[in-house]
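First chain written, first letter: the chains are A, B, C and D, and each begins at residue 1.
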Amino acid sequence: MSIEKNEEFRPKIVAFCCNWCSYAGADLAGSSRMTYSADVKIIRVPCSCRVNPMFILRAFERGADGVIMCGCHPGDCHYTSGNYYARRRMTLLFSMLDYIGVESGRTRVEWVSAAEGAKFSETMHEFVDKITSLGKNVRLEDLRCRNL
Amino acid sequence: MQRIGVFVCHCGTNIAATVDVKKVAEMALHEPGVVHAEDYAYMCSEAGQELIHKAIKEKHLTGLVVCSCSPRMHETTFRNAAEKAGLNPYMVEIANIREHCSWIHKDIEEATEKAVILMRAAIAKVNLDAPLKPGESHVTKRALVIGGGIAGIQTALDIAEAGYPVDIVEKTPSIGGRMSQLDKTFPTLDCSSCILTPKMGEVNAHPNINIYTYSEVESVSGFVGDFTVEIRRKARSVDMDKCTGCGVCQDKCPSKKTPSEFNRGLGTRSAIYTPFAQAVPNVPVIDRDACIKFKTGKCGICSKVCLAGAIDYDQTDEIVTEKYGAIVVATGFDMIKLDKYDEYAYSQSKDVITSLELERIMNAAGPTGGHLERLSDGKAPKEIVFIQCVGSRCADDRGKSYCSKVCCMYTAKHAMLIRDKYPDVNVTVFYIDVRTPGKNFDEFYRRAVEEYGVNYIKGQVGKVIPQPDGKLLVQGADLLDNKQILKEADMVVLAAAIEPNPDVRKIATMLTASIDTNNFLTEAHAKLRPVESPTAGIFLSGVCQGPKDIPETVSQAGAAAVKAIGLLAKDKLLTNPCTAQSDELLCNGCSQCANVCPYGAITYENKEVNDHGIREIRRLAVVNDALCQGCGACTVTCPSGAMDLQGFSNRQILAEVDAICR
Amino acid sequence: MKTEQKRAEMIKEISGVNPLKCMKCGKCSASCPSYNEMDIKPHQFVSYVINEDIESLAESKSLWKCLSCFACVERCPRDVKPGKLIDAARQIVVRERGRNYLLADEIPELVDPDTPQQLLVSALRRYRR
Amino acid sequence: MKYSYFPGCTLKNKAVDLDHYARVSAEALGFELEEISEWQCCGGVYPLGTDEIATKLASVRALNDAKEHGQDLVTVCSACHHVIKRVNDDMKNVDDIRTRANNYMKLDEPYEGETTVLHYLEVLRDKVGFDELKKKVTNPLKGKKIGAYYGCLLLRPGKLMAFDDPENPTIMEDFIRAIGAEPVIYPYRNECCGGYISLKEEDMSREMCRKIEESAAGFGADMLITACPLCMYNLNKNNGDNLPVCYFTELLAEALGLKEEVDEQ
């Protein structure tokens, strides 16, 4: 590994993908060989509504630089309405994250269907670029864990 | 502590070319709980599964991580392998190092590093896995087919022949669909209605088939094997049992000016009507928007002339509720609207028509009695120009990104039929590519050129310019001659793109079936499961899944039927054990989980709990495993953290997050 | 990078067009009102950029026959918009060598008492640096 | 209602008619055109190059001036309208152009495409309303068969100009109906007249204008109307069939009974 490469900032990015649409979209991106950065690591959840805001906070606590959540397009949720719940929860969470000092650009919600491999890849490209431009994130700290 | 075995698949070179699989296996041994790790060329092969079997037995493994392709491909394979070796199948986790890693990264070091991280996340998850046992659910042995075109007809016949009852729901007053509007069919030039009508009759007479025409699916609930569907039977205003189909009402109806849907608006129909002569069922409906009786209260002629007394102005919409084990979607297609393509002057000249309109003009039962004539002045055309790819293969939002697939062939058919019947008419086709894959297809197209002298010009048309004398000046490019052509024509036929029936989105939403940006329903696997929706129990037939011609539609309709029959033949289905569960000690009975549950799977019971020695009766959430589909909405909503999802628990997902961010 | 390659890249950059999206349908050439006056036809323009033969484009009289009427831009089904490529090539020629198609000296001869300012302004902007 | 008004170079000179009729009619229809102070020529053609900034600044200045006055920006000339609307779109949607143009301009507050750009015809259709216009017509031009000549600049690119259907527009026909005349629809109404090419390639422009006029006359038009001074020039210059061409504002003033008033000025 060259020295330059060591110095280069490589963001840690967690992507939550619902099993039915966006995880399948990511699979399609893969089988269509549509590349995106290796900095993105996907966690499979049954539905975007399974994503607890706690998971995202935990990611930022453990040093993630960006978290993206992908689900089925509004109206197309495999479980009928899960993505609507997810959308509301994330809107609330993101506004609070901004308040505690995590830039709004570090989180994103995107709807990707099983047929949108290209969109998945493009979205990840964009998101990685955005996070790279924002640089290293400030690690959140869980005050409950601090010895006072 | 678990005893975990990690198996890293090479997938030939699919994974091994970009991921250092040996290193991944080696790194696995440093992870907590891992007691065994190995790599192999094809983990999904018999030999690969044998390795897993042996390791489970020898190392007394309690959990498995397979680093391979997507769990959507082989999760079931490896779960079955685990079960054969005596391990609970839900103690298996897949690290997707192919679709999410080796196939999208080029740098070996980078891809290996990512594969290791994905593996760590899977190990972290399996460490917290618990054995799960699926429940059972019953199968209602009845199928629903949505759409009564050739796709729905064929699927229904095949299912019915296998001995299962089938209902067809068709929106229009008759089954038959687009195929009933066609004049001839390629590549053999059979008359469309001659081959379709017998099938329609067969459907009508089949003891296992029940047809709901002039009806729409109103709502769908339930899941594979046990769907509950509400069907709206729109008020026909004619009693189906009494009507003899004599047709007198249609003759006598004084309101005859409504554009005929069946003739694509080129002719008119009466307010009480059957769409076409061979309609099944042969029972008319009253179009209440056109009917004088409904508009003004005066008239009632149809009622007076009906000897059977079948006219019933007071009929109302009726909702039928029925249970089904399987649902087949066969909603078909329509042609795109051409309002964004007015360079072809479709809205400016009556002599610029779509191919489907030409079908009606060529048909003996059509608006011109089968005579090829200009709609503007009734004159016989001498020069006809066909324009291909109108709205197909478009990168902008004017049209569709896909190839409509059928236009090249039907245009060759039209050209051939016209030259055959009217040898003095010149036919020119402007094309971008002529696409004729299919048995005897290219031969068919070549016949149009070689035997019938159809003039094919490679190039698009820029503009159709109506002339004051009623002629149409076609300005196109001849790319092979490198010329701009100005061709005078009497008629221009546009091969407009086809698009899924606009209603399909609503239906897909009701079925929670995946749909793509073009409104085509998504198949479970593009190659291996082409007639199944990813949503269990939903099958796809015909153009609702993608553009296809009649032979292909019929094949796919049969395939969808077989899949549905395979489901209906089962007595029991195993249910997904990844359901929600509530911790009785944490639940405060607030009802929030029940409010978000889309399946009504959560109820409340007053139960006695022992909370650290204190016994009391509390109102607690109880999940019905048979109803819960495992989405997890309740787990996030629960304010006390009592609700959790088996197989995707809070601790497991947090462990994955930790492993990735490590 | 070779000069021709560089110029092709520049045309793509200035125009914002990706010529690889072209499916060679000929709709641009079918729409072009100046087609007969052009030596390199609108659809060929796209191939010339793909093949990095910019010198031929620079020498082409088509550059000065295009009206920028956007008929091809409007109707191109693949979002290639050949009119933009032609304008970019024109820009390159004018910028690189000051190859002005319209010379100041010839203007008095070309105008008549009715010539609107708009005509001169437009021509100057299209034909000159 | 008050609008910022960008007359453009030609309307101050060879096309003063277009301008005068527009202003007088506006007054009668209850809106005011307030000329932007120190406006600069738009350049006549929209610079297509994505790296062109300086050539777009005149438009940005006008747009920003309108923004500061809190007014929509109205143009009558097709070319000015085309250029300004497209530059406005760049300022709204193209990050690079917006940033660089603002760097040049050094405004107190950066301009980001806030102004709405309207063609005079759009004001008639969307603000005044053709029905309303019809009511105010005192001298309906009965019996006149008029061909609307759109040309290219008003309509294309359709998505950006968002003026009307680029292949089958109706706004000028509706206008013609509102002033009591009969519109003649002919296929060449959205084909180019040759534009600036008439300076050096007279023959090309002549051929194009011939097709336009033949087509219009063939479908029974007695006259053509246009919004563009350059179209007017080309059509008049190459007028083989002696089909009269005039600005739409002239007919508007005539229908409102104001033509003589202007002509006397």
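Here is the rule we go by: a contact is a pair of C-beta atoms (placed from the backbone, for glycine too) under 8 Å apart; a residue touches a chain by one contact, two chains touch by 3 or more.
Note that the structure is predicted; figures quoted are calculated from it, not measured.
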Item checked: Interface ranked first by C-beta contact pairs -> A-B
Notebook entry, point to check: Any idea how many Å lie between the Cα centroids of chain A and chain B?
Noted result: 29
Next item on the list: Express in whole angstrom the distance between the two chain centres, defined as the mean CA positions of chain A and chain C.
Entry: 44
Notebook entry, point to check: From the C-alpha centre of chain C to that of chain D, how far is it in Å?
Noted result: 25
Margin query: Can you pull out the residues of chain A that are in contact with at least two other chains?
Written below: none
Checklist line | chain B residues counted as touching two or more neighbouring chains | finding: 343, 463
Next item on the list: Please list all residues of chain C that touch 2 or more other chains.
Entry: 71
Margin query: Run through the chains and report each pair that touches.
Written below: A-B, B-C, B-D, C-D
Next item on the list: State the interface residues of chain D toward chain B in the complex, per the touch definition above.
Entry: 165, 167-168, 185, 187-188, 215, 218-220
Next item on the list: Flag every residue of chain C that touches chain B in the complex, lowest number first.
Entry: 21, 23-32, 35-36, 41, 43-44, 71, 75-79
Next item on the list: Would you mind writing out the residues of chain B in touch with chain D in their complex?
Entry: 339-343, 345, 347-348, 463-468
Checklist line | chain C-touching residues of chain B, taken from the complex the two chains share | finding: 343, 389, 393-396, 398-399, 432, 458-463, 475-479, 482, 484
Notebook entry, point to check: Tell me, which parts of chain C touch chain D in their complex?
Noted result: 13-16, 33-34, 37, 64-65, 67-71, 73-74, 83-84, 87-88, 91, 101-102, 110-111, 114-123, 125-127
